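Quick one: structure below, then a few questions.
To keep things simple, chains are lettered A, B, C, D and E as they appear, and every chain counts its residues starting from 1.
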Amino acid sequence: MGTILLGGSIMMFFNIPSILIVVGGTIASTMIAYPLADIMSIFKSGMKVFIFKIEQPEDIIANLVEISNKARKGGLLSIEGDIQTTPDPYLAQALQMTVDGVKTGDIAAIMQKKMALTKKKLDLGSDMFSSMGSYAPAFGMIGTLIGLVQMLANLDDPSSIGPKMAVAMITTFYGAVMANLFFIPMADKLTGRADLEITNMNIIFEGIISIREGEHPKLMEDKLKVYLAGGKGKEEEKK
Amino acid sequence: MGTILLGGSIMMFFNIPSILIVVGGTIASTMIAYPLADIMSIFKSGMKVFIFKIEQPEDIIANLVEISNKARKGGLLSIEGDIQTTPDPYLAQALQMTVDGVKTGDIAAIMQKKMALTKKKLDLGSDMFSSMGSYAPAFGMIGTLIGLVQMLANLDDPSSIGPKMAVAMITTFYGAVMANLFFIPMADKLTGRADLEITNMNIIFEGIISIREGEHPKLMEDKLKVYLAGGKGKEEEKK
Amino acid sequence: MGTILLGGSIMMFFNIPSILIVVGGTIASTMIAYPLADIMSIFKSGMKVFIFKIEQPEDIIANLVEISNKARKGGLLSIEGDIQTTPDPYLAQALQMTVDGVKTGDIAAIMQKKMALTKKKLDLGSDMFSSMGSYAPAFGMIGTLIGLVQMLANLDDPSSIGPKMAVAMITTFYGAVMANLFFIPMADKLTGRADLEITNMNIIFEGIISIREGEHPKLMEDKLKVYLAGGKGKEEEKK
Amino acid sequence: MGTILLGGSIMMFFNIPSILIVVGGTIASTMIAYPLADIMSIFKSGMKVFIFKIEQPEDIIANLVEISNKARKGGLLSIEGDIQTTPDPYLAQALQMTVDGVKTGDIAAIMQKKMALTKKKLDLGSDMFSSMGSYAPAFGMIGTLIGLVQMLANLDDPSSIGPKMAVAMITTFYGAVMANLFFIPMADKLTGRADLEITNMNIIFEGIISIREGEHPKLMEDKLKVYLAGGKGKEEEKK
Amino acid sequence: MGTILLGGSIMMFFNIPSILIVVGGTIASTMIAYPLADIMSIFKSGMKVFIFKIEQPEDIIANLVEISNKARKGGLLSIEGDIQTTPDPYLAQALQMTVDGVKTGDIAAIMQKKMALTKKKLDLGSDMFSSMGSYAPAFGMIGTLIGLVQMLANLDDPSSIGPKMAVAMITTFYGAVMANLFFIPMADKLTGRADLEITNMNIIFEGIISIREGEHPKLMEDKLKVYLAGGKGKEEEKK
């Protein structure tokens, strides 16, 4: 868009070798730095972030309150059915342990370790995009250097200097666009998403502990709603 | 101002396509990185920072001392009226819990969790402006590269090189100004504001615990005034 | 000095519009980022750092030992006179609490909170200079871009290109000098000074607790001298 | 590859003095910053990372379960044979202490200290590659400056300017390639590998404590499998 | 070396005003940022790092085992002689306290505070070199700007442009070399050295506590050898 606005032709900005240098270099460096399996799974889950919305804390709390009510009336065993219908494996395993009568301390320990490991895995995702966001402009500059060296070594035809330099600069352009329009925002996105996921896991964690301890559903709801207030902001909360 | 001083015409620095690249690119990257709802609410609260002054710690302490005196004379129930008149929802909820006779430990736990969640939300604001402060100059450079590539590809008319390069450079100029005169200072501003808000919440936290525990209002005041001393600085405090 | 050595005239480096852009831009950004009152007080205390030397730990320890001896002989009340003559409000308040018979735990809590708040305030100072150290070169570059754009838009007179570019570059020069010869070293300076102040406050803290607890002055002196050894370095300590 | 695609000859990018400046300078700075023995061992273990795959957590858990079963049936002494056949010295020492009947607390203390020291050593590796990743482009730029200064000092023959500048720029090219295609990805790689190694050590740590305490092998397996779930990701875990 | 390889004369790179700007500017900024006494002592101890090797952990452990054996046979008083012969003041003071019968808790508190203070002092050293590593290239660029401004202001004689620009660029060259071949590697070096010194202090700390508590020398040796295994690396340890 910007290009058209500035009055140029888009084809001017399409250059296969430049794309190969920036994309190829970035992929090469990323494959040295990260195992292939990790790269694939991070890209896949990176894409999912845009397709699937994260479960809303409100819904999670409503679900937990419902389960808590059921457990209060019918005993812990009555929530066994929810284990199968729960799509979230974290909640499912926590419910299973609750039904199995695992001690509160052990449930807490396992749930917290899972949270820590999930956090680590999510951080890996934004670290990788962050690295790619620094590799891409570097290879953009490398491509421009290649173009400049070739141009400078053959200055015989002055009329070719301009177009050759234009081509050399396109590589820097590619690197900058890829980094700033994709990799770096993706890293920020995944960091934000990780925060939301960990908050959700924290809500489930506190809810399950509350259910296991047999707290009143209303009390549990009050405690969990603190998370919503924090999310909606101090000012709005009172209205 | 600087422009006029340097003897140029301001219109020279007004270029629609350049503005579109920098502003559009920055908005695009920000929308990839952050949910739209967050972006809107951060901008709104960012603007509020300049319009509404934060409540002074002195006033908060005076208010708490007053409430403490009332509670001492008329019992905890006598402060029920303050809950409605308190504009700050954090203080209002804390008072409500105090009146309801919630245990000190539970009040403390909920208030501290709210503080932590507020801190997280405020940090998100300065993180977002910080990100925008790095996107803007990047798109400034990207726009300049677009302009240079177009210019270099058509060097036929030497007399047009200068003006074309001037236009190309304006995009870098826009990115640098937006980042350094708005986004980065805003990030610093919100960081500072967050500090003040958390300090205020800490004062309220300690005050409410003190009221709940039935401490003498004078003792509470002495404890809370430590926050003022820290704010005014070590040297001035004695005068 | 460098200019003269390189054989140029100093007047060549004096350009009012450039100064206005760099200084004005830096001040504008700083005023967006920080409250005016904070900016003034930080500059004032920044200047004081060069005029007033910080109290030496040796003197503080000697003073505390003297007070401890007095308290041991004449009781805690005998040190009441020192409260008036002590120029340091931190020590004065601590002595006052000691004379008033405040419990050790409460004294410790208040003194540590004061230390934490002082640390925060001192950090704000070096953060602000650090921010200014990044604003200044940015506005230097912005000024140079303004100059270049104006020059490029009017390339008619080739003989004026050189001088115009020289003027444009001076703005970058101003930004770099201001940042590297003033703002960034000041930020480092204030960080170092904050360390020394907090160390002094720690010495006073431990000394007062020791006096309150009625420890033998000699034992207190031995404990506090650890701070001196750390300051003088491991090697020198034994001589 | 990129070079060929851009239509140049590869020989154009081969320049002995440039290589010597970048490689020599990077080595020199690294040798000032790190002891020679460390540099050698880091490079050696850096290479091993690509040749030897790290042991899979699944295999470690399976192995620990087997040992646990053996210990349950034949007593702690029956696992003495595993000490000799275990290739991992960390596990071997832990088993030895278990067989020797060292107290659980002491085993834990020693194993955790070993973990902390291993983490420190692994961090040193990625720190070193990180440093080299900043030295290399710096010496690339230094080499280019050398070339430019020489070229600028002798501008008599205009036809030689281009080739001389081309040679000067190759040094920047070398520095950028070395940093972005080797040093920086290696630093990222070693950081990731360190994470995996520490996770493995954590699994062994928990497994050994479980064996020493005589927990049921099935219970131990359940606890350790949390690490696998975290590794495979929350979503996949349930299938 | 690089210069000669690139075929230039070394004298071309020797320029007194450029050296004065970079060295003078770096010194000036450093003196603003750090007290003179600190600068001197850091440079002195920075040089010592290359002359004196740090004591090997193996030797420290051997020494502690010997002292422990002596104390076991002849009582704590029998180690009084070692206090005089010990060159390390940290160990000497710890031994003195042990002989004097100071309580274990008090010895531990003093030794840990000394460690923390030593760490702080060592960190100051690498912070200072780190700062100098950012001042030097900045003044290199400032010097180049001075040269360029002077050149651009007098473009009358085209034949002098090249040499003048060459001289201007030398200043950037100086700054980059000083930073990357001296200041930054020195900062890395001091960070690494600090790690080793703190490890040694930790070994002495644990050894002294063990001696004070009357642990068996063999047990102490086993515990301390964990530090050696960490140093030599996991793989080598078993051979």
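One rule holds in what follows: contacts are C-beta pairs under 8 Å (C-beta built on N, C-alpha and C of every residue); 3 or more make two chains touch, one makes a residue touch a chain.
As the structure is a computational prediction, the values presented were derived from the model and not from experiment.
Any chain touching subunit B that also touches subunit C would appear here, but none does. Centre-to-centre separation of subunit A and subunit E, using mean CA positions: 40 Å. Centre-to-centre separation between subunit A and subunit D, using Cα means, comes to 24 Å.
Residue positions of subunit C touching 2 or more other chains: there are none. With the ring opened at subunit A and read toward subunit B, the chains come in the order A, B, C, E, D. Taken in their complex, subunit B has these residues touching subunit A: 16-17, 20-21, 24-25, 28-30, 32-35, 38, 41, 45, 88-90, 92, 110, 113-114, 116-118, 120-121, 124, 127, 131, 134-135, 138-139, 141-143, 145-155, 167.
Partner subunit E is touched in their complex by these residues of subunit C: 1-3, 5-8, 12-13, 159, 161-163, 165-166, 169-170, 172-173, 176-177, 179-182, 184-186, 188-189, 192, 195, 223, 226-227, 229-231, 233-235, 237-238.
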